[in-house]
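One chain, chain A, appears in both complexes that follow, with chain B as partner in the first and chain C in the second.
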Partner chain A sequence: MSVLEVNHVSKSFGSNTILQDINLAFEENKIYGLLGRNGAGKSTLLNIMTNRIFPDAGDVKLDSENINDNDTKLGLMYLMSEVNLYSNGTTLKQIISDTELMYGDFDHSFAARLIDEFGIDINQKFGKLSTGYNSIFKLILALCVPVKFVLLDEPVLGLDANHRELFYSELIQSYSDNPRTFIISTHLIEEVANIISDVIVLDQGRIMLDQPVEDVLAKTHSVVGPAKDVERYTKGLNVIGHDTMGTIKANYVYGDLDDRPLPDTVQLSNFDLQKLFIFLTNKYEGSMHSEN
Partner chain B sequence: MKTNQVTKYLFKKQIVLLGELYLFAFAIIFLLPLLLSVISGTLSDYSFVGLLKGAHIAALFGIFMIAISTLSYENFKFLIQNGISRKTFFEAQLTVYGILILIGNTINLFYDYLIVVPLTHASTFNTFMSLYADFFDNPFVSVTFNFIFSALLLVFGALAGMTVGSFMTLFSKLTQRIILIATPVVGVVTMAYVANATNNAHYQMSWVVNFAKFIIGENGNDVLNPFPMMGFLLVLSAIMIVIIRYLFAKKQLKKA
Partner chain C sequence: MQFEFNSAEPIYRQVAEQIEDAIASGGFEEGQQIPSTTEVSKEFHINPATVLKGMNIAVSKQLIEKRRGLGMFVTSGAQGRILAAKRDSFYEEFVVNLVKEARNLNISEDDLLALVKRGYDQ
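And then the complex of A and B:
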């Protein structure tokens, strides 16, 4: 089983520290959501993982082999990113042909279907594409190259709602037909919440969370009721956020609850990934723990 | 290693550019004067043979090689997007430039020996013939060494272009501009200083002159020896290959 490992990776640009001692392991055939606010270091991390830039410290390994200057390992990954690395004067058809030359075994039938569904003209030049179609074309390439790890950095940038939905549905279909690892970096959490199996939250260059979504959601507890009862019940727990409406208060807890008795006046339920992300990355004054 | 695929990709791209260069050169050297002659009504003055004699195909190819070898970042972007290592890019790029030089140099010498020489009866049509034509008695050996020497000069030019281009890609666009502006200024100041120093009795630059004489192959006779220069070009090329490999290994995506 292939594992893509990030070991003690740090990166700074000038005096600005972007990543600090990042350790991650991406397993085969999972869909990861790499979440973080703008400037959290997501793109930098993905660029380091694909050897586009170098870390200041640490390394990236695929199946225990360092990926640096390693064609065999780099050829098992494809990063679709906002940055355009294709020549503006080249036609899409030519880019597909050149991409196949490098990766081999391009899935032409799937590509033809996606080209048709998204209504993209592959005889046009790359530089002539609108922001949305630019993303769509790069997504088509990402879904059709024969790699084990597909890294998508802000994949739906510029896509309208219809195209976003079409992309997510094709992504799921593609994953089910040909299971491989997807790492989706985005801040549109609601849209990927139902797709991803594991969530990684990056904040200020550090990993705040790296767990299966199921486990993460099982640890989210929204405690709602009269403020006094809620405060009493959540005392000592990891409260990461709160809402108040009159005398009713909701405390958001992240972590395991102990077997303390639940007052009749208090209601307990889970909350979603987006809320958890907001609370974790807003640095709420409550006790905050790394949950790696 | 995907060296074959990358070599194929780069060669396909760069041979098209070379073809375009020759077409463009043909249009500028032969068709444009023809067109101007027709427009101005001086068609009788138009001499195709005269233009053939003056077409500096070899110089054009040399400039082309230096120019394309300085531009590596576009290819790097595409290749790193497609999981190709810097080492493979470096090896494939050297191979492609080698093939292009082989093609261009062959065209140059065919042009010189089959067109320029019969038309002009000139014996000094390129660097080798200007300096070392008399060193070899056998014309076949002379042509062979002309080919090798000219190829070495092109290799040297291409590698120098790669060194400068690879060095520049390490910097941001702003820094590149500063370097481009500062280098000629520093160069002129240095030249002025050296010129001044050589006029000063305290500085004896005779070793520089002696070294230059040795490299150019002057050995007291009227006939210059091409081998010291060929050796010098080979050594410089080998040094530049090592530097370029190091600079290629440092290439990374610039911030958008």
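And then the complex of A and C:
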């Protein structure tokens, strides 16, 4: 059982603290969603996890071995990000061959299918690709290298709705055919909400949430009704957000409800991951603690 | 299958319910193969483990069965069993709410019965 661990990782750039004492464990064959607002530290974390930059403190281990300068372990991970690692004058075909040399293998038949489905010409030069096709090409590489951990930083950047649909379908096909761990950082929460099995929310360099999606959603409760009744019912609960419409109020609770009696006038339901994310990462007065 | 998912209920439970509904309506016929976990996952962008969990609920209710190496098939008698279970819960799920709402609207028992009769006559 392979585990990718992040232990007490901190990182600053100058006087800017980007990550503060991050602890995470990524298990085999799960799909993780790494969510956070702009500047939350997602890309820095992914770069540290793949040894592209170094943490000021802490370490990253794969199967209990430090990944720092560890070619064997780094060969089991692939990070697809906005940063271009290839020179503009190189053809896509050449980049594929180079990638195959570096990783020892490459799924050419799957690549051929993706190249055909996305309609990309591999004889063209890397520098000629549009933003969308730049992402698509890097995604094809990420899905076809023989690694155990695939890290995708903003995978659908610049992709139109049709190509995003196609990507999510092919991601699931690839995962079903060859289970491995995916860590996907994205702002399009609704699009990945049902694909990911576990969610990590990073906010201002700290972990706000790190749990299976199913457990997280079970703890979301929207409490709607006359303001007075809603206030009374949610007293002492972890209210992370609210809406009001005249005298009707919705309080959004994250955490377990105790056995308190529910007034007839108040309705209970769950709310979704995107809403939870917005409440957790918006500064809301009062209770801001995450419920782990 | 015409899956539509909401955020109010766990997805695996919705997967199980939708399979059940499709069998109840005759959309999935007895003895017929239903889409694989991967097909459902790909089509609706749901984690395969979640889809499998939903399918396993339908398996435990003996509505579908796994045939080794082939896939999932609707069991014989599945539709009848679902309809029987729906009839059993009809009072709790529909009649109780109907009467409650009628009371809220000051509709008398006789008027409600007349309305039910009108519904049947149409």
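What we mean here is this: the second predicted complex is superposed on the first by the 289 of 292 C-alpha atoms of A that agree within 3 Å, B and C clash if a C-alpha of one lies under 4 Å from a C-alpha of the other, contacts with A are read in each partner's own complex, and residues count from 1 in each chain.
One rule holds in what follows: contacts are C-beta pairs under 8 Å (C-beta built on N, C-alpha and C of every residue); 3 or more make two chains touch, one makes a residue touch a chain.
Fair warning: this is a prediction, and the values are worked out from it, not measured in the lab.
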Item to complete: Considering only touches as defined above, state whether A:Ser269 meets chain B (first), chain C (second), both or neither.
Response: second
Practice prompt. Would you sort A:Met77 into first (chain B), second (chain C), both or neither based on which partner it touches?
Written response: first
Practice prompt. Would you check which partner chain A:Met102 touches, where first means chain B only, second means chain C only, and both and neither mean what they say?
Written response: first
Practice prompt. Once the structures are superposed on A, label A:Ser176 by its partner contacts, choosing first (chain B), second (chain C), both or neither.
Written response: second
Fill in: Contacts of A:Ala218 with chain B and chain C, given as first, second, both or neither
second
Practice prompt. Based on the superposed arrangement, let me know which partner A:Ala25 touches: chain B (first), chain C (second), both, or neither?
Written response: neither
Discussion item. According to the stated criteria, A:Tyr86 is in contact with first (chain B), second (chain C), both, or neither; which is it?
Written reply: first
Worksheet entry | Of all residues in chain A, those that touch chain C in their complex | 31, 165, 168-169, 172-173, 175-176, 191-197, 214, 217-218, 269-273
Fill in: Complex interface listing, chain A residues touching chain B
13, 47, 50-54, 69-71, 74-79, 82-83, 85-87, 98-99, 101-103, 147
Fill in: Partner chain A, residues of chain B touching it in the complex
1-2, 5-6, 8-9, 74, 77-88, 249, 252-253, 255-256
Worksheet item: Any idea which chain C residues touch chain A in the complex?
Response: 5, 7-12, 37-38, 41-50
